[in-house]
Every structure is written in C-alpha cells, then in structure tokens.
Amino acid sequence: MDSLLNALASGLSLGALYAVMALGFVVIYRATGVLNFAHGAFLLVGVYVASVVSESHGYLVGVVAGLLTGALVAVVAETVFLRNSRTHDHVTLTILTLGLNLLVVTEVSRRIGTETLPLRDPIGNDVVEIGAITMPTVRLIALVVAVLAITVFLLLFRFTSWGLAMRVSNQDGEVAALMGVRLSVVSWTSWAIGGALAVLSGLFLASFPTPGVTPALADTAFRAFPAAVIGGLGSVGGALVGGVMLGMVEAFAATYEGSLGGWAHNLSGISAWVLLLVVLLLRPQGLFSAKQVQRV
Amino acid sequence: MKSFVKAVAPALALGLAVSACSSKADDSSGGGVGADGVKTGAGVTKDSITLAALVPLSGPIGGLGQDGVAGVKLYFDKVNADGGVCDRTIAIEARDNKYNSQETMTQYTGLSGDVAAVANLSPGTDAITLESRLKKDGLAVMAGSYDPLLLAVHQAFMPGTPYDVEAVNGISHLVDEGTLAKGDTIGVIAYPNGIGEAVTKGVDGAAEHFGLKVEHTKIDSTATDATAQVNTLKRAGAKVIVMGTAGGPTVSAASVAAASGYDVTILATNLLSQGDVQGAAKEAIVDHVLLTSNSAPFSSDAPAVQELLAAWEKQADGRPITAPVAAGYLMAGVLHKALQQACDDGDLTPQSITDSMAKVGKIETDGLGVDLDYSTPGAAPSLASFILKPDPAAEGGAVIVTGPEESDAAAAYAESQGYVK
Amino acid sequence: MSRSRVLVGALLVVLLIAPYYLDGFWLQLGALAMAAGVAAIGLTLLVGVAGQISLAHAVFVGIGAYGYIVLASDSSDLAWGLGWPPALAALGGIGLAALGGLVLSPLSGRVNGLYLAVVTIGLVFIWQHVLQEVGGISGGYVGRSVPELDVLGVNLGDTEPWVVAQVPFGAAEKLWWLGLLVLVVAYVTARNVVRGRPGIALAMVKESEIGASALGIDVRRGRAAAFFLAALYAGAAGVLVALTTQFVTPQGFGFQLSTDYLVMIIIGGLGSVRGAVAGAVFVTALPRVLGQYADRLPFLSQVGEGGIDANVMSVFIYCALLIVVIMFARGGLDRALGLLAGPRRRPAPDRAPEPVLAEVA
Amino acid sequence: MVEPILQAEGLTVRFGGVVALDDVSFAVAPGSIHAVIGPNGAGKSTCFNAMTGLYPLAAGTVRMSGERLDRVPRHRIVRRGVARTFQNLVLPDALTVADVLRLGRHHRTRAGLLATALALPAARRERRTDDDVVRSVAEILGLEGHLDDPVGVLPYGLRKKTEIARALCAEPEVLLLDEPVAGMNDAESRALGERIRECREQFGLTVLLVEHDMELVMSLSDHVTVLQSGRVIADDRPERIQQDPVVIAAYLGADPAEVRDGREEVVSRG
C-alpha cells in the first residue's frame, strides 16, 4: 500500500514535469507544425547556463538566466534557421531541428566535459512526509510550479489575443491573417515559450534526486516525446494528460518491475514507448486530437 | 541498354589492363629491420612509434575520451622528453568511436596498419568486438573497461581488477568492519550492461561466500533517478546497496537514502566526479557511500600521484584534473613498459609488443593504481582494490580507507571464476 | 548516347576496378557507404515517395544483420544459432527484416506524419531492449561476431583469398564488389518502382489521401507496402553492414543510425533514388575522412587539449551541412547530380503547402 | 424517363451541428450531361464528395445502375465506373503529365511491387496498354506536347486539363467534374466545353458537373439540378431552369420559401 501511494506521488510529480515538457512540444507544433527535436538542446543549454550563472550570482539569478537562454536559443532557431529556410515542408524542417540538436548538444557536452555541474538550489535533498508518502521537497515544488506554469499558459491561451492567434493559426493561416494576427510574432513567441518550458522542466530534472547537470540530460527530452504524442500533438489538454499518464506508468513500472520478472524486469525504460505504440494503433491521432480531415 | 554496354565494355577492359599494375600487387607494406637493428612493423618508423587511441571524443561522454587521451599524452610527453623509446618518439592518433563498438571497428580498420598498439578508453566491450582482427594484426589493446569478459581476449589488457572481483573486495571490507553479517541482505542496482552484469555476478559470489541474501534491481542506463529502486531495496531490508552503474544513479541513491532516513551503505565503484561529491548531495554521499577503486584518489600522497598532479598542473592551463586523465596516464605507463621490453628484445612489431606485456612481469604503479601482472594470459592482472571514502574537502573528492588489498573472498571468488591460472 | 549514361558507365568502371588500388580504410568506407546506400534507397521510398517519416530504419537494418548472424552461425555456449549455409542465411536475414516490416506495416498504414516519426522512435528503444533481453540469441550488450559469407562454395571472407590480376583479394575487396552488386540491384529495382505503377500511386498518396483514394488507390495498403519495401532494403543493407564490420552490437543499430539515414535522404533530395545513394556516401564518409585527415587540418586543437579538435569539428560540419542543405539547397544532391548529368527537365517548383488539415469535430 | 445511371436519394450530410446537405435527391440519365449549380455555399462540392464516399452520409443512398454506391469503400468507387476531378487541383507536382495520366489507370492495372521492381513482362505489357490510352486521351485534350513535363511547371489551364484527362484515363461510365473551367477565360472554357461534349460522344460517357459558369452550364448540359443551402430547389431542363423564379431569386439572394408560393402560381397558370 505504501509503495502504491509512493508510486502515485512520484508518478504525479514526474508526470507534471513531463507535462511541462510536452506542453513545449505542443506549443511549437501548433504554431509552426514542426516537431521540435532540439528540445533536449534547449533544455541542456538553459540548465547549463543556470548552473554557471548560479555559481557567481546565486540560484535565482541562475534560474532566470537559464530560462531566458532557453527561450533565446529557441527564438534563434525559429527566426534564423526555420524561417529562412526555402522549404516549408514540416517533415524536412523537423529534421533540421535534429541537426540543431546535435550541434548544440555536442558543444555544451564539450564544455561540461566529464563533470557533474551543481545547480545550487537552496532546497537540496529535503523531503516532505505526508502520511505514508515520502517525497523530495524539490519534486513537490516541481509539481506546484508545473501546475502554476500550466495554469498561466492556459490562461494566456484562452484569454489573450496571442492565445487566440495560437488557436487559429494552426488551423487556418488565412483566417489568422485576416484577424490581423501577425503569424511571425505567433511563431517566435511560441518557440520562446517552448524553449523556456523545456528549461523549466530541466531545472527540476537536474535537481534532487538526480545528481546535477550532465550532458545526458538532453536525452530526457526524448522521454517526453511519447507524452506529447499520446495526448495528440496539437492538443494542449492532451499534453497534460499524456504527461501525467507517462509519469505514472514509469513510476509504477519502476516500482513493480522487480516483481514482474523475466522480460519485464527493466521495463520502466521503455514502458512509455509501449504505451504510445498501443495508443496510436487504436487512435492514430492521439487521445485528444480530433480526427484530422483532409479538405479537397 | 545496348549503347550502355558498348560504353562500359571498352572502359572496363581498359580498367582491368591498368589494374594489373596496381600498387597492391606487390604487398610489401610493413615489416623490416631498421638501421639500428630493431625489427619494425606497423606504426613504427626509424624515428617514431604511433599508437592509436580509440575513444569517445564527441557527444555526451566525449569528455571521457578527451580527458583520457590528455592523460595518455601527458605521460608520453614525459617519455619523449627523456628521449622516447628506442630513440623514437611516441605519437598518438586519436579517433572518435562515438561510444559505439561498431564504430570502433571501423576506426580500427582505418588505423590498424599504421599503429603499433591501441589504447581504448571506452567503457564498453570494444576489445571483444575487435578480437579476431587483433589476433590477425597482432596488436595489443589497453582496454578502458574492467568487464571480466575482456579477460577471454588474450590480446586485450585491462589496467586493474575486474568489476566483479572489485565488488567482492568491497563486500569483504564491509563484512570485516562489521557492517554486514551472515544472513543480512544486500541490494543491487545494476545497469543491463557490462558493469551491471559483472557487479551482479560479483555480489552473488560474495553473498555465497559470506552467507548473505541478495535482492536484485535494474536501472535503465539512461536513467539517473534511482528512487524506485532504493525504495524497493528499503522494503526488502537491504543493509548495503551495491551499485553496478555509473556515477549518476549512485548519487541519486545516496540522496534518496538520506532523504528517507534509510540507514544503508552504498557501495560503488569510483565513477563519481568531483562535482558529484561537492554538489547538492555531498552530505548524503559522505554519510552513505563507500567506494571501491582500481586507482588512487588525487588526495593520495603516493609519489606517482603527486608526480601526475604536478605534470598536469604545468600543462593544463588551470583545467581541473579528472579521473579519466589518471586512467589514461596509467595505461600509457603500462604501454610504455611493454614498448621498452620490446625495444630491449630488438623487435617493435605489434605482436612483439603484445608478447612483451606478458614478459615484463609485475608492473608496479607506485601507488597510482593497483599493481598489475599480465604474465598469465586469461588471468586477471590484479585482484586488489582500493577502498575509498568520499570527502568533499579532499582533492579528487575521496580519501583512501585501505588498500590496495586483495581480500580472501576475492581470491576464492577469482579461483572459482577461473581468473587465476 | 546521353551524357548521363557515359558518366554512369564511367563511374561503374571506376567502382569495379577500385579495389585493385584502395587500402583497408577506403575499402571499408566504400563497403559501408554502399550498404548505407541500399538502406537509404529503401528509406527514400518510404519517406520521400510515400511521405511517411520513419525513424525505425535502424531496427530493420539491425534485424537483417542479426538475422543473418543467427541463421548462419553454429550454436555455441555463448549464443544460439541455426548453422544454415551463409548464402541462405543472408536471404533469410533479408526475409526476416521484410517480415518485421510486414508485421509492423499496419502502423504505417494507420499512423501518419510526425506521429509515425515518434512512434517509430519508440520501436528503436523497444528493439534495443529486446536485444538486451535475448542475450542467448543476440549476444546481449557484447554483441555477436559475424560468420563469413560463402556463396555456393565461393568464399567471400578472408579465409580463402583470391588473387585477381596479381592483387590479393581479401574480405574487404570481395565485399566491395558484393556491395556494389547489391547496390546496383537495389538502385535499378527502386528506380523501376518509383517510375512504375506503385511509385506514382505513392506519390499521389503523399499529395492527397483523398485524391488517391478517388483514383482507386488503397491508401493504407499503399503506405503499409512502402513500409514493407523499406524494411526489405534495410534488411539487405543490414546483411552488408554485418559482413563489413564483422561484429555487431546493439548500440550499432540505435537512434543515431536512424537519424543518419534520414539525413542521407534529405541531403540527397527527398524521393530521389540517386540522391539517396549520394547522401549515403556523403554522410558515411564525412566524419571518417575528417577524422583520418584531422592532423592536416589547420586551426584545430589536438585531442585532449580542451579545445575543438577534428572529431568534434566533424560533428559540427556534419550538422552545419545538414542545416544549410535543408535551408537553401532545394533538391539536395540530386539536383547537383542532375546538373552534372546535363539538363534533363526543370525541377518542380517548391510550393508552400496549403493548409489542408482542418480539425472537424 | 429511362432508368437513371446515377441516383442520389435523400442525401443528408452533417458537420458537427451544421447540416450541409439536407435530403438531396436527383437522378442522372445515362449519356446525359447533368449540371449541379447553386450559389456559393449551397453544398455543391459537398454533394459531390458525399456521392464519392469522402464524407459520411447521415442519411440517404447513392445508387449506380441500381446498385448501392454509398456502401463501397472510397477507393473502390472508381472501379464501379465513377471517376472524378477536384475543385482544387490534386496533382503531385513532381510527376510528369504522363505519370499523372497513368495514375488514372491505377484501378485497371495489377502490377505489384515485385513485378514492377523486376520489370517483369506482365508489368511491361500493362505499361504499354496504359501508354496507348494515355496518349489518345492526351491528344483529345491537347496535352500530347506536355507528356514529359512535370505538372508543377505547367500553367493553370493545362494542369486543370491534366486533371480531367486523368479522370478520362480511368475509362469511367460516369465522369464527375468539379468546376472544370474555374479560372479559365471565356474562349478557354468554351473550348473545354466542346472537348467535354466530344468525350461524351466518343466514350459514351455520362457527365455530372458542378460549375459556376452559367453560360457553359446552359449551353452544355441536358439537365440541371439547383442547390441552395443544402437543399434542392429546382431540377429540370436548362431552358426551364433559366426561367424559374425560385432559381433567379436564389441567385439574387431571396428566400426560396417566399418565392415558392409565387412559382406554384406560375406553374398552375402554365
């Protein structure tokens, strides 16, 4: 029972972080139709800058610097590389982000070298105990911050002209243009938000109970891919549900795989992908995206 | 189609005629005797000996190879300054294997004709991949891994004690100091790869020897959060957790144990960096972690360690020294001994250098690492380990508790595994 | 006789006699490039022609490679094998990859676009998990060595070297020829498919599912067929890769390899068979050649000095070229080759895609 | 009236809450040129798409020579002898005109992956037959000089013709043309109208077309169905449609219900 509750709590906080990351994918996808493979790069470069800046200016300044860096790098990716491309094919541009990712990760990895860089967060390895649940304080804060970030995002999405533009631009560029929305503004702001969200989740993923900033952090972005897709790439709500589902599945797999035995004993690493495979075979457009109808 | 054939046929005939005078027709590359009477082979000219370094140089663990090669070069710079080997300077050709054994193979093929021996600072089983080629080319590989499977490759040389024996030494130490007693449970958190499987095997062996129970868990090799595994082992009542992983999960496990008030000793092979030990988890690490190691920490006052630190300081523009630097330095030292032996025998061919590894007998590392002995092919070069304690204040982040020592349990285990011949 | 035919003829002749002159490094590079070419041809049929992006190509290359090994090897205490004649095992490896493609093809039939991209990433991770778990077959994390190929008693490995025009022919030289043969077959068949009934049907499917079905094309079946065909080519490439590297490991067939294949066909020009081959040569050769001549490059630091060395630089160049080709060079290497072969036809204009997708409740 | 070759009965299509087609029925006589007209948004293209299986029917049936067409999967419809063109061109730009026309032959050919890859005799024989059809259709529409050009580089008018030619290559019994002359000038559309008529004669086709160009519709068609707001408001010979006050009002924007009373008067008087 205790382990069940702990798995739930751990799955929920991990899921919240995946949701934040998945939200980044969805925002970028809605605005520009590109699946951003450079998410891991944004995350890594932001968290790296946060670590370096926090050494001299303290944790909070470091966090702000990291978030801004993530947003900035994302904006550069959109305005310099994607927008100036002569092709507009989304698949091809998606591959371009793969190239960007490798470029940035290679350089940041080179700078980090073999070290593990600390983030110097003031919370350290405190834990909170609620009944039978023991949970790292950082993960609890992550849960709160993730919920806050998602709420702020949803408010922006629902009630601002930017959000309105986001909602229509994906569906119909002409309508958006008629509404006086500048698509270029929508797309770079979306990338900025996506980049910042990547770093936000990265900041928590590099804190307790994981050791700190290492190049391998870039790979965690991959783990959030299934979250974004399970819900439906274009669906904001889907990203949230997908993220939480994924966190839960991973936490439960990690908790109980020992008792499964055989092939399942190391299942947590691929559980998300198996879930994705099953979901997409049943609903090829994800759980929450409406069926896509092609017009002729 | 016909016109196509018409175009190709004469050209082909011409091509075949020309090919008769291919330079490959008379295959006389490599081999010979220099003016100084030393027999030479691949990678050796009258004034240089070239060694290959097949290591990861880019990507997430590229830093490991970069620092490792820096260590190898640091050592041979000293050798070259003293006149080299056989009046020849040592040069290093480094290639990126992208931490992928198949890529190691490709790079090896590109280099094998031009090098006299290979250093491979890659934590995989590259030497097994290369085995048949090494045999054919006669080349020796200094392996960067302590995976016991490498012992079966007679052309490969690991610079220390295999992972499983090291785990036995660590558990033996914990039994000696009273942390573990008969009937206690040990937990294992292991990657599903070389280090994980070897440590698992070692723990099982030690458990049998000391009458302990074992609880196994696995962790994905890309994961760094060991919360679920630690919780599982806590429920199982494990008094000691042995890590068959890199540094990340070790730090995570220590943090989780500290946070949840789990009184456990975490035994890991020393893959922690200074940043790990001095980071947010430093108290947790100091309280819970005990390390086993094949090499001394930089806080050691052994002369070889001090010499290395001094040499590094002179050359590195303030870059901090890391464990891979020391590993590379140590490997270079071993290779140097073999080269010297081959030189003394008047034969610098690859096979002769390989054979020299056995001839040099016991290699004293002057406290830099465990002493090594390659004289019996297939046997472990060492069964001893350092036991270290993490210490954020110490240089390199750890201090020596004991060692290097070979436990009785390790000797018995090695005997049972056929590591002693 | 057209200029392009003369050029292709000359190129074939050069490639046929090349093993007489090249050393081990170049022979292996060539064999790997030709294997990559076969795989890239398969992928461009799926991605470029049918418009279905897959990142699982490495899985099928891996199935081909491991399939050959398991079928051709004798059982040992390390790993299980069937001990088939190697030539049969090679066909079997290709067959297993194709079978894998067939089993997974409903995925491509049902799932579209970037969704398929992500779910195929999942296939790579699941595949690697399986390889780890079935150590008795795959050799686990260590991998397995590859038995030599033997076709009807003719040895294509090092055990029985040939002497051709006074030049000794070992495995590397023989595999160069084998690779060339397979590549030519792959090239010709793929060209036939692209220009024939299935190819134009898939081009229509890529343009519009609805338009295609109005013409009587079964969209799902077409996409599934393209997936199957891509897996078949991948399997052939896998056997070649295994024979060339002589040892296979799970990391050799991971996500990086899949992205490499995608990069090949993009640099080559999506949908172009000759472009895929050119892209394969380029992507295979670039990092290795840069590494080989690293010490002759100026302005780079040496390995271990903490600066940017040739190996890191080769990654940068690889990324930069990929980005630049995607950004500016419409049509990729295919277009460059087209110019080389003389003017044939004007390239199709690159239209911005119309917003054809709408969400209908 | 002779037995209709194509018959829509009670077609109803809903998108969410919107009723796009409401109980639409009409019949197409074999060998006729039948036009569906109506103001913008009347549901003409929706009607076409519903009849060819692209949109799900909420109610109603479509029959081809008496057999249900609405239960046939959409990629099988062309095999029942119904070929169509699209309002917006649906042409893969990189293909040549000849390839696009061959696409029209897809359902009549068999060559699979293996036969095509290895260029087996069966595949080559099929290809030759296809090419004969492709060439003759191209000649009728004046495309014979462009067979080797990629469609993407052709001017709009030729691309439009290519699309019609592709549908003709399917050798259908019924040809559905969705705004065949949209975007053409008067001379071009008159010429194309002639071609359509010729095709009908030559291949014994039945043609159902949606068109805005009133002049073309009136001169070309034998029968006209008028849609407004998803309903049929008139269905008659063109010369009668031209004088129908309901239709005139619809095009001028009046409510058909109001005018209907007036028409009944007209009819009863006539």
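The first chain written gets the first letter, and so on, giving A, B, C and D; residue counts start at 1 in each chain.
Please note the rule applied: a contact is a pair of C-beta atoms (placed from the backbone, for glycine too) under 8 Å apart; a residue touches a chain by one contact, two chains touch by 3 or more.
Remember, predicted model here, so these are calculated numbers, not experimental data.
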In the contact graph of chains, the distance from chain C to chain D in steps is 1
The chain whose C-alpha centroid lies farthest from that of chain A is chain D
Using only protein Cα atoms, the chain sitting most centrally is C
Averaging C-alpha coordinates per chain, one finds the centres of chain A and chain C separated by a number of Å equal to 31
Per the C-alpha means, the centres of chain A and chain B lie apart by a whole-Å value of 36
Separation of the C-alpha centres, chain A versus chain D, in whole Å, is 48
Within chain C, the set of residues that touch 2 or more other chains is 132, 208, 210-211, 312, 315, 360-361
Listed in rising order, chain A residues that touch 2 or more other chains are 106, 110, 266, 269, 296
Where chain B touches two or more other chains at once, the residues are 58-59, 62, 66-67, 192
Interface with chain B, chain C side, in the complex: residues 1, 5-6, 8-10, 12-14, 16-17, 20-21, 23-25, 28-29, 32, 132, 140-143, 145, 158, 165-168, 172, 245-249, 251-252, 254, 256, 287-288, 291-292, 295, 302-306, 309, 311-312, 314-315
Contacts from chain A onto chain C in the complex sit at residues 29, 35, 81, 84-96, 98-100, 102-103, 106-107, 110, 171-174, 222, 225-226, 228-229, 233-234, 263, 266, 269-270, 272-274, 276-277, 280-281, 284-286, 289-296
The chain B residues in contact with chain A across the complex are 58-64, 66-67, 192, 216-220, 222-229, 231-232, 235, 247-248, 251-252, 255-256, 258-260, 273-276, 278-281, 283-284, 320, 322-324
Residue set of chain C touching chain D in the complex reads 189-190, 192-193, 195-201, 203-204, 206-208, 210-219, 225, 229, 271, 345-349, 351, 354, 360-361
So, in the complex, the side of chain C touching chain A is made of residues 47, 51, 53, 106-107, 110-115, 117-119, 121-123, 125-126, 129, 132-133, 208-211, 259, 262-263, 266, 270, 308, 312, 315-316, 318-320, 322-323, 326-328, 330, 350, 352-353, 355-361
